[in-house]
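One chain, subunit A, links the two complexes that follow: it is found with subunit B in the first and with subunit C in the second.
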Partner chain A sequence: MSELGQQLLLIADDELVLGWRNSEWTGIAPFLEEDVAFSSIAQNEIGHARALYELAARELGTTADELAFDREPDQYRCSRLVELRLVPDWARTIARHVLYEQADEQRLRELMGSDDSELAGLAAKIDREEAYHRMHAQMWHERLNDERRYVEALEELRPLVDERGEHLPEFAQLWEEMTMVRRSVVGATW
Partner chain B sequence: MVTAERVWEALAEIPDPEIPVISLVDLGVVRDVAVQDGRVRVEFTPTFLGCPALEVMRDQMAAKVRELGAEPEIRVITDDSWSTDRITPEGREKLRESGFAPPTPRGTGAPQLVQLQRGVFRCPYCGSTETELENIFGPTACRSLRYCKSCRQPFEQFKTI
Partner chain C sequence: MGSPDGTRGRGVIYEVFRLERKGQPFQHAGSIEAPDEAFAEWYAREQYGRRGESVALWVVPREEIVEIDEFIDELERNYHRVDGYPLKEKLKEARERAGTAAPADR
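Our next item is the complex of A and B:
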């Protein structure tokens, strides 16, 4: 597999799985504004995953749907940070949100400087949307910054940002749900 | 014989699926139309990549081109060459009339939280800038929610991207 294809897959997996986890707050967030916010952020992340899978698919000679939903669990390269099932823990959810947006910003900045103009353009488009996720994360960080539970969550989760490889146990159930349609209806498309 | 001008006119009849007061052309998402040998290539950029209306827009544009007797090729451009600055003046007026505050001009960098928290955003109902941020996110990815302290009306603010 090409190096670019690998790199795109890793980012797309992060965005897809985080989008999935964020959507678990839909309907049960602490208040209505956050129901809307987390649902919207989830939708954006999954949209980014799709665009990244499409680019990776061209590189790898396959389709976005196959990359997103037809791989075995051990082929997903997402970070352990995004795999965690955090509902109903709001402090840890916000800590993940803040840590992820920081790491993602760095990564996007590098991609925006890529020699591949298509990738650089997509990264810049994604970054424009992520600016709003970062503002949301910043707003919550300012609110919770002196809460012990939140500070502890940041410390606990920080090492997971770059931890990849063997999945956390809860990834299995996420994979089951996420790939269910493709496994039950052959050829179903996004 | 189909001309690019005729295609632009036809595309201008398609309302945005989520904000139907504005057409796809007024929204500025149609980037280019090229006609060659009975084939029409339309380039367009989604406002947000996760926009669920993307497929609907693509199908509607293809249908319009077929109505003109040409074969459509709809290309989705996913770079950052589109910004909300491309919404036409007519489009902005239509948004305002329907209670959506049009996006503010995009600066050199990304918008910042302090800017959103300031009261420079104008209420589409009474014109006051005494407005406050209620939620960065709204009913669709492209909108935020604000509240006008002057006329006590909540309203939707098109995000600047």
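Our next item is the complex of A and C:
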């Protein structure tokens, strides 16, 4: 697989799995407005994953759906940070959100400077949405910054940002759920 | 709504008005609860401004809205009042007399 294909998959996997995890807050977030906001962020992340999978799929001669849902668990390259199931711990959820947005910003900056104009364009498009996610993360960070639980969560989760390879045990269940419909009728189209 | 850490209900209510197009008046869009102004702006944008439906949002704490609870009319100068003139009915009668239909909805 080309280096570009690898890199696109890694980012797409991060976005898909984080979108999935964030969507677990839908209906149970601390208050209604935040429920809408966090669900919307989750949906954006999955949208970014889709766009990145589409680009990777062309590179690899496959389709976005096959990349997102038809791979074996050990083929996903997402970081351990996004794999964690954090419901119902809001402090750790926000800590992950803040850490992820920081790392994602750097990564997007690099992609925006790519010689591949299509990739650079997509990265810029994604970054315009991520800017709102960063604002959201920053507001929560400022609000929780003097809470011990939150500060400890930041320290706990920081090392996981770039930890990849063997999945956390809870990834198996996420994969099971995420790919269930596709596996139920192989090759089905909607 | 349930809350794992009991943060429900500590926010401020903000009223949100939106401008659909420049040159038009602001219209009430709805209300949101938020812990502070920054959150209020973000949530307002999220709920009333991310589908191209608004060119501006006006987010104001509900407490800032002035309530008028009495109409001072000690001398009963009822010509000051704006109620009591059912213009719609009068217009309808006038149109019937003149034999013209109401203009079609624009």
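Going forward, the second predicted complex is superposed on the first by the 187 of 190 C-alpha atoms of A that agree within 3 Å, B and C clash if a C-alpha of one lies under 4 Å from a C-alpha of the other, contacts with A are read in each partner's own complex, and residues count from 1 in each chain.
Keep in mind that, in the parts below, a contact is a pair of C-beta atoms (placed from the backbone, for glycine too) under 8 Å apart; a residue touches a chain by one contact, two chains touch by 3 or more.
These figures come from a predicted structure and were not determined experimentally.
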Query = Taking subunit A as the common reference for superposition, should the pair subunit B and subunit C be classed as clashing or as fitting?
reply = clash
Ask   = Regarding the shared-chain residue A:126, is it in contact with subunit B (first), subunit C (second), both, or neither?
value = first
Inquiry  = One more residue to check, A:139. First (subunit B), second (subunit C), both or neither?
reply    = both
Ask   = Of subunit B and subunit C, which one touches more of subunit A's residues?
value = B
Ask   = Who does A:118 touch here: subunit B (first), subunit C (second), both, or neither?
value = first
Ask   = A:109 contacts which: subunit B (first), subunit C (second), both, neither?
value = neither
Message = If we overlay the two complexes on their shared chain A, which of subunit B and subunit C does A:90 touch? Say first, second, both or neither.
response = second
Request  = Please indicate which partner A:33 is in contact with in the superposed arrangement: first for subunit B, second for subunit C, both, or neither.
outcome  = both
Request  = Jot down the residues of subunit A that show up as touching in both complexes, subunit B in one and subunit C in the other.
outcome  = 33, 36-37, 40, 132, 135-136, 139
Query = Which of the residues in subunit A end up touching subunit C in this complex?
reply = 27-37, 40, 88-91, 132, 135-136, 139, 143
Inquiry  = List the residues on subunit B that touch subunit A in their complex, please.
reply    = 45, 48-52, 78-83, 110-113, 116, 134-141, 145, 159, 161
Task = Spell out the part of subunit A that touches subunit B in their complex, as residue ranges.
result = 33, 36-37, 39-41, 43-48, 50-51, 118, 121-122, 124-129, 131-132, 135-136, 138-139
Ask   = Tell me, which parts of subunit C touch subunit A in their complex?
value = 1-5, 7-9, 11, 32-36, 38-39, 42-43, 45-47, 50
